[in-house]
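Shared between the two complexes below is subunit A, which has subunit B as its partner in the first and subunit C in the second.
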Partner chain A sequence: MGALGKPIILMVAMYVFIKFVLPNIPGSAPLPSSLIALYLLLTGSGIVIFQTLSKESKDAFWGPMQRFLTGENLGGLQALRYGVLILFPLLVGWQTYGSTAVSDLPPIESRTIHPAPPGEYTGLSNPVAKTPDNIMQGKGFYAAYCSPCHGGNFDGKGPAARGFVPAPANFADPTTIAMLQESYLFWRIKKGGVGLPIEGTPWKSAMPRWEVELPDEWIWKIIMGEYDGAHQSPRTWE
Partner chain B sequence: MKPGNQMIKEVLRNGTAAIVAMIIGGASIGYAQESVSVRAALTTGGLPLEDPNAAVWSSAPPATFPMSPQVHWQNRIQEVTVKDVIVRALHDGNQMAVLLEYADPTQDPDDAAALEFMVGDKKAHFAHGQPMLQVEGGPVNIWFWKNKTDKGVDMSAKGFGTLKPQEHQDVKAKGAYSNGTWKVVFSRNLSTGHPEEDVQITPGNFISIAFAVWDGRKDGAGELVEKGSQKAVSSWWYFRADAPPDYSGYMYAAIAAALALGFQFVLIRKLKKGQ
Partner chain C sequence: MSAIQQGVKTIQRALPAVNAQGAWLAGLLLAAGWFALPSIGIAAEGTAAGPTEYRDIPYIGARNIIWVVAQLHLLLAGFVLGVPIFAWLCEVIAWRGGEKRYDKLAKEFTKLLTSAYATTALFGGILLFLLVAFYPKLMNYLTDVFFPSFLLYCLLFLLETATLYLYWYGWDAMQEGRKKSLHVFLGFLLNFFALFIMIVPNAWATFQASPVVIAEGTAFERAWAATWNPTWWPINIHRLIANVVLGGYICGAYAGVRYLSVKSAEDREHYDWMGYVGNFIGVFGLLALPFAGYWLMREIYQYNQQMGITLMGGFLSWLFILQAMLIGVLFLGSNYYFWLGITYRIPGSEAKYRKAMLMMLVSLLLCLAVWMTPHSLVASIEEAQKMGGAHHPLLGVLGVMSAKMTVSNLMILITFMSFVMYWRAGKQDTAGWAAFGKAVMGAILVLASIAVIVLGVWGYFVPAIVRINYFSTSQVLIVIFVILTITPLTALLLKSARTTTEMVWGSMPPRAGYSLVLNAVMVILLMTLMGYARSSSRVHWHVYGVMRDTSPYAYSPALGSASLIMAFCTFFFCILVAFIFWVATMGDKYKTAAGAGKGDLPHGIPAMAGGAPDKGPQG
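Up next is the complex of A and B:
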């Protein structure tokens, strides 16, 4: 069984690694079972190809397997052989049941967080002078209009945020406004959730369409106040 | 080695790794999930269509959803009484009933609650199906209960200012207040003759649902604090009426197991003959 032992150990080790070690590496997440199956399939194929490269290793690999299946001179392993022969059909049955069972999970809707803006909202620059006065005014407007959702600390945890899915953006997080240009924010604030294209799932967004309530100049000031308050700066390149 | 044997080994070679991978990978399924949907359990013992306190409600799985003060659109409100709603649902294949439960310290004539559904295939914004700029939206169907009248109003909206009662009233509602808790049951037939204005419920399918609650308390000047747009609202969640049990999975499993058994049998015979 020597030639079979190593591949089995290798497969088990691979499984343990993918399933339990990989998700704990910072920045990664648990893998979906289909991906785990794919990785194991690749590992398995690799082992088989490697083992069958030469004639000798090929016989050493397949010989024991063949003897095991036919039950020749197995002796004490005979019981194990019957176990495998019974277990295999049961596992196939179980797999089939699992793959035909109707899912209890609701449909998964993927959402593009930063979809492309309409053409007229690319490359606009902030027409308001970046003076301490204007920044302070922007912060005042932010406190009045935005903080109930986006939070007084710009962290997305305002007192009204709890029921909204998707949650109000966290501006202190480096993956929101720090990745965006002022022009992009101007679009998002003016048109709100309902202005998103279909891949942004506009029907779920609570982000108001501020153009119906706030003049453009206020929006530009709010943008300045927002970056300043969240200690981020707009993306300027491109 | 004989050619027949060679072929079988070919099969084995490709098959074994795939099967091992399939079994190990598949055996690891299992997700944790927060409340994202209301599941209407199928029941045969009669639905509590107008009874919020019926014992059978305990057989329906509860789901809890967070509420926000409505700060999306004017007139806004910054603070509301109700922070969460607990929702249960039942159906019998013809009719369905939804039980909304929430904490409210006082019973007032103007206490009110509502369910909202998307209607048809088009997505609708959760704020009354207000128009979206790049996506063509559909209408919403709102079921509105008020303590004052203690009945349900079947309404339609597509945008602010368009909310109105429908010509065909298909919804029933009834509330019961005790110990600081409102329990309100809404009920209707799963399908109606008006698919363009009423949500149609097909067991097994997920549809979108949202909630709203008004605490009818008054301020010092005797004015209602929560009214109209000023209320607790939720986002879109899912609702599904359970499909009748389906045993075909067991049948497919049995066929697959029998095939695997047959495959083993043939394989071993061939291997034995080939040697």
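Up next is the complex of A and C:
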């Protein structure tokens, strides 16, 4: 096994880490299989690259595999070789079947999280003056209309949040509203899930269409309140 | 609408008259319809009275044909405009430094260039005909806006062609003295015209994405306003660098294939060296390309939020994960080639640098893992529920630009250090200040890496505009600073260094040649991918916000369908290039086979596709 032992141990260790250790770190969660496959692929590529950097290391790495597969001087391992030669194609076949067979599971969706807003909403700037009073009013509106889902701490953990998949957006996360302009939020709040464009389908948003209940001015104030409460700033170009 | 109503009334009036002969008339109509079926294929769309707006062909579709031909033309053009830059630089190095092998290399590069030039022009012509045929409304509009620059383009093409002919066919005749100076000047002119040949059509393409339309003024004023649109220069710079990368990697792949097939030791040495130069040129451009790409995307975002989000957050955002994968393979492939070079070309270096190579490899893979981690993950319902949404609570932070910019800068630093390591291998410093110099370089590298990471992490806690305008820019400047300080310091250090192990050319294993080919395929795929992204970002507009696409193809193809076309373009381009290079080197093989018995062929034989005036066999 020699030079093969370390790579095998490394692959197994990597798998154990991303499958069992990483999800148990506080604040973490299990990784989807797509990400696990990606990280294992990178690890495997790294091993192949490193082991083939010189003739000696390449021979030490490929040699045992080659000898095993060709059956050269294998002795008692012949049965294992035949086992591998039979089981490997079966494994590939099983994988192929598993990925093509009809399943009762819903298909994986690569949802578009930030579909582009319609042209009329791009470039809008908040017409409401950014005063402490307006921000306070906005937070009040937020508490009344938005916090049940998006949370009193702007963290997406409102009392109703557990009922939604996907979960309501966490505004305190620097990767959400901090990446967007105010006009984008205005569009999403005003039009809600039903207002998402065709490129956003299959849209999965329970966001109400607030334009039927709230005047535009209130929406702009809510946006100000959200940014202030979540300690984030909107994306601007100035 | 009124025309349709009028037509309906006419039919209604005519129907009673033909009532009696209804049966045979219906049969006649059916037969006519049957025979007219093929015409659907080349149907012209437009109002009955108005001019034709679109034409189509059956099964394949007008858009797919335009897509493939435009992509092939762009790839060929990228090669044809990129290669003269480094061919000329090689010639200058040979001219000033006296190293003849650089002149031979420059000539070989130019041979490939001449071979590809005619094919590029051919595809350009086909593209123009097809555009005029399939999209007459759009072409009419663009002609109206850009008429003066069309004329300029024709003139530039004439000048470029004449210069290229003089440059290539005059190579052997202009080898000595002042003639050589003239030849070098011709090379400069070739690049000068090539630059304008690139930036003039760039104006047409970028106008479609970010149009500047003025209603008044002369034809020249309107063309100039449309030319100087917000994404013109970002695209110019991005394409200029990308062309060098493409050219470098394709020349590297050519050398790799030749290296694998040649028999003599001399040829193996030559093509090993050529492969190294090709890879070096590719890497050299690759280091600068992310900066140019970032600038381009920033300009697009600033120009139009809708377009920016469509690209980076909307339905095209998955392309950037694919892009990360392709660039990742490119970085890995390029570094792998450098490391193989250290191990095989500089005997005894492996033991010295193996640990360093391992560290670099691990760092590269960690960076790649960050770059390839999407913000919204591909997950089943069950997996998404466990994560609490499409974002992983811990790894989700790796999916945004701050993380991506940080790791791309670090990858550039690692690749640069790979090259420096290769450069230093087999040499022993003799300068008195060597220890101090190396300590300074090490400190610069460590501090720069820390600074890049700190800015990246800090980027999460500042407004987006601060991150974009200051932090990301600072990261780029830090990397440029490292490159600009360590390169001259290393050069100075190596000036007095003693060579302990001579470089052995021609000793690389076959996998080195394959990695060169892989790099070229990756860069071609990358260009086809980004070509689709740039074009699709206009969504259902021919000219964004100005002229709507009203054809049946006014939709963005699904990523799966698009990737099929991209793969086809890549495959077809590789076949095309292989064929062109095969034709180009046919003469050499013949001469090699004929050997000394027949003697050299007369110089300056006019030859198609660049298989021209070599003094001797090149394998």
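Here, the second predicted complex is superposed on the first by the 127 of 238 C-alpha atoms of A that agree within 3 Å, B and C clash if a C-alpha of one lies under 4 Å from a C-alpha of the other, contacts with A are read in each partner's own complex, and residues count from 1 in each chain.
Basically, a residue touches a chain if its C-beta (ideal position, glycine included) is under 8 Å from a C-beta of that chain, and two chains touch if they have at least 3 such contacts.
Keep in mind the model is a prediction, meaning the values are calculated, not measured.
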> Touching A:Tyr184 in the superposition: subunit B (first), subunit C (second), both, neither?
Replying inline: second
> Does subunit B (first) or subunit C (second) touch A:Lys6, or do both, or does neither?
Replying inline: neither
> Given the touch rule stated above, what does A:Ile25 touch, subunit B (first), subunit C (second), both, or neither?
Replying inline: second
> Where does A:Thr52 make contact in the superposed view: on subunit B (first), on subunit C (second), on both, or on neither?
Replying inline: both
>> One more residue to check, A:Ser34. First (subunit B), second (subunit C), both or neither?
In response: both
> For A:Thr122, is the partner it touches subunit B (first), subunit C (second), both, or none of the two (neither)?
Replying inline: second
> With the two structures laid over each other on chain A, which partner does A:Gly98 touch: subunit B (first), subunit C (second), both, or neither?
Replying inline: first
> First (subunit B), second (subunit C), both or neither: which does A:Lys130 touch?
Replying inline: neither
>> With the touch criterion stated at the top, can you tell me which subunit A residues are shared between the subunit B interface and the subunit C interface?
In response: 33-34, 38, 43, 45, 52, 105-106, 165
>> Touching residues of subunit B toward subunit A in the complex: what are they?
In response: 9, 12-13, 16-26, 28-29, 31, 33, 36-37, 65-69, 71-74, 76, 78-79, 83, 123-127, 130-135, 137, 204, 206, 232-236, 238, 240, 243, 246, 248-250, 252-261, 264, 267-268, 271-272, 275
> In the complex formed with subunit C, which residues of subunit A make contact?
Replying inline: 22, 25, 27-35, 38-39, 42-43, 45-46, 49-50, 52-55, 58, 105-106, 108, 110-119, 122-123, 165-167, 173-175, 178-179, 181, 183-184, 199, 233-238
> Inside the complex, what are the residues of subunit A that reach subunit B?
Replying inline: 11, 15, 19, 33-34, 36-38, 40-41, 43-45, 47-48, 52, 62, 65-66, 69-72, 85, 88-102, 105-107, 148-149, 159-165, 191, 193-198, 201-204, 206, 208, 213
> Which residues of subunit C touch subunit A in the complex?
Replying inline: 302, 304-307, 309-310, 313-315, 317-318, 332, 336, 339-340, 343-344, 350, 354, 357-358, 361-362, 365, 368-369, 372-373, 375-397, 399-401, 460-465, 509, 511, 539, 545, 556
